[in-house]
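Note that chain A is present in both complexes that follow, paired respectively with chain B and with chain C.
The block that comes next holds the complex of A and B.
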């Protein structure tokens, strides 16, 4: 890249050169896509991401205002419902995204790590949603915690992950699991940019050098 | 408007009665609520529709 020294600059310079080589700006934020991407099945990844952003923003508002607000006030109940329904849509879109990528064998073309980070994101999302149900502070959450403790104790993790401990479950829900989920989702998206979207099984991927051809 | 406030839950009430016990489907060891079964069915319909419905062609594709 012009203007960027090829050597020196210490470890920050080395990281910068390596980052720019791996993900130049036109690859990180592309303005063209292969013609085979013109299918609704390719939309569900970004729908999942959009839902996740709504989940995080509404969850942040709930954390700022507190349970007395989301249980009692009209606006609080509304934001609480937005948080719930954006999660419902998040899981809905993510599973359709998963089906699409599974039947497309999306791990082809050195995309195994993209597939793996997506899969781990899916499991982290289940854990985050589960701990969310546990911290509703209503009879539903008490029932779920009471049922879940037996299952978790039977596999020996009840002492470390105690679903009856509200404070511990709240911290898992609003700190640890969202941190892991956002980290993995960011890594997943960077890998999609790095390797490109997977072509359909009978399609040919465009050249990696960025040259373009007209859509058919 | 019928004069009810939003907070009493009647203006934005669900089109079906959600109060009361849930309905479940049993199939051997498998047990699933009708609500979850409906969601899974809608997901399958959306998945098939996403594969079959034409996508509007735009510029900027290579």
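The block that comes next holds the complex of A and C.
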């Protein structure tokens, strides 16, 4: 590729060459898509990502002001409501996206890792939302913590992940789990770009006669 | 079909005809739509914020329940006192997943001695009226068997009194100790004592929450909000809010046998959910499960335009 040295540059150059080879700019940010990508189900992936951004921004505002702010401020209460409803939308869109991909058997064609990162994202999101409910500092938090401890203790997890410890849960909710979730989501999206959108089940490659791609 | 041929059967998307598609424009529109939806839902429905129960609010609202719980903490018969790992070493209390006892294997990592942590310690740390000093001395001088006899007799008497004054009996220093504990709790002092545990900064509410959860007051409030375990409570929250609807399957198992009446329900359901989660993650590799999309033919609806055009193309060729 022009402008990219083929050798040299040490580890940095090798990583750059490999990255550009795997995901050249027109593959990373394509301005065309295969014609079979024509269904409303495709919208739920991008809606999930958009919701995640709103969740992170509203959660960031709550983090800026501290965990007790929203109990004593009307603005805080509204920001908390934004955070709650963006999470509800995020989970709703993600579940539809997940079921859509299941019925499309979207793991076909070396896309198993894309499926795996997506499902692990789903479980990480459940954990993140759960710890969010634990750090609300209200009756819901008390009750959910009291109930959840029995499930977690029954399999030994509660000895290390104490849902009654507000400080520990706050750290999991605002640092560890969002970090994991964003990392997984980024990896998932890069895999989607790397492999492309999965073709329909039983689709065959069109004849390679030079007329297979329309002018963009 | 081996892995190689299965992969080879899926053509490269780049070989298909393409059409313009502006990903960034789509993302921007999605972001605006989600932001507007969130703003609207938050403005219309707000969010629940029911005040937490404190030891003080509990002791003031239901002193009889607080006292009965205090007696059970002192006598070592409360839910926490007999919980097992990770709080204490109660034999046979830990749940098992078949022959596997993960709960006891994890060990006692959050030690809780309910008599000392919830009752005797706070009483000693607070200013002691002479009667309480004498009661504490009597308690300390008595044997463990005597402790159990006093607290059991007083628990029975309280239960029979239904919130009224218990009948006379040999309860040792227990009535004086629990009356002082109730007084401390009503003043708000017990919340601070249990929370701080001799420190200034503290973010761990384990002891306070365990004590509150041992009573029936918290549960009665929760059941009124449809939050009980048999009310699908794990996915609900206070008020008419959607809560954690995504926990529906986890909550579902608690509503049916054999889990509903099992002493190992939590461990069994966690084991089952772990297995089902693994199945979801590994769907691409599980024969039969990975073929469900082909059998259900929902994909014919999703890609109906493609399949229709393919069928028309086939007819033209014929």
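The rule is short, and it goes like this: the second predicted complex is superposed on the first by the 200 of 216 C-alpha atoms of A that agree within 3 Å, B and C clash if a C-alpha of one lies under 4 Å from a C-alpha of the other, contacts with A are read in each partner's own complex, and residues count from 1 in each chain.
The working rule: a residue touches a chain if its C-beta (ideal position, glycine included) is under 8 Å from a C-beta of that chain, and two chains touch if they have at least 3 such contacts.
Source: prediction; values computed, not measured.
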**Item:** Partner chain(s) touched by A:138 [first = chain B, second = chain C, both, neither]
**Value:** second
**Request:** Look at A:74 in the shared chain and tell me whether it touches chain B only, chain C only, both, or neither; answer first, second, both or neither.
**Result:** first
**Request:** Could you look at A:96 and tell me whether it touches chain B, chain C, both or neither (first, second, both, neither)?
**Result:** first
**Which partner reaches more residues of chain A (counting touched residues only), chain B or chain C** = C
**Message:** One more residue to check, A:43. First (chain B), second (chain C), both or neither?
**Reply:** both
**Message:** A:34 in the overlay: touching chain B, chain C, both, or neither? Say first, second, both or neither.
**Reply:** both
**Set of chain A residues, in rising order, touched by both chain B and chain C** = 31-35, 37-39, 41, 43, 95, 100, 206, 212-214
**Asked** Considering the complex alone, what residue numbers of chain A touch chain C?
**Response** 29-39, 41, 43, 46-47, 49-51, 53-54, 58, 70-71, 77-78, 80-82, 84-86, 88-89, 91, 95, 100, 102-105, 107-112, 115-116, 119-120, 123, 126, 129-130, 133, 136-148, 150-151, 153-160, 162, 164-168, 170, 196-201, 203-206, 208, 212-214, 216
**Request:** In the complex, go through chain B and note every residue touching chain A.
**Result:** 6-7, 39, 43, 46-47, 49-51, 53, 55-58, 60-62
**Request:** Would you pull the chain C residues touching chain A in the complex into a rising list?
**Result:** 6-7, 9-24, 26-27, 30-31, 33-35, 37-39, 41-43, 45-53, 83, 85-86, 94-95, 97, 102-103, 105-107, 109-110, 203-206, 209-210, 212-213, 218, 221-222, 225, 227, 229, 233-234, 237-238, 241-242, 244-247, 264, 266-267, 269-271, 277, 280-285, 290, 292-294, 296, 298-299, 302-307, 310
**Request:** Note which residues of chain A are touching chain B in the complex, please.
**Result:** 31-35, 37-41, 43-44, 74, 92, 95-96, 99-100, 206, 212-215
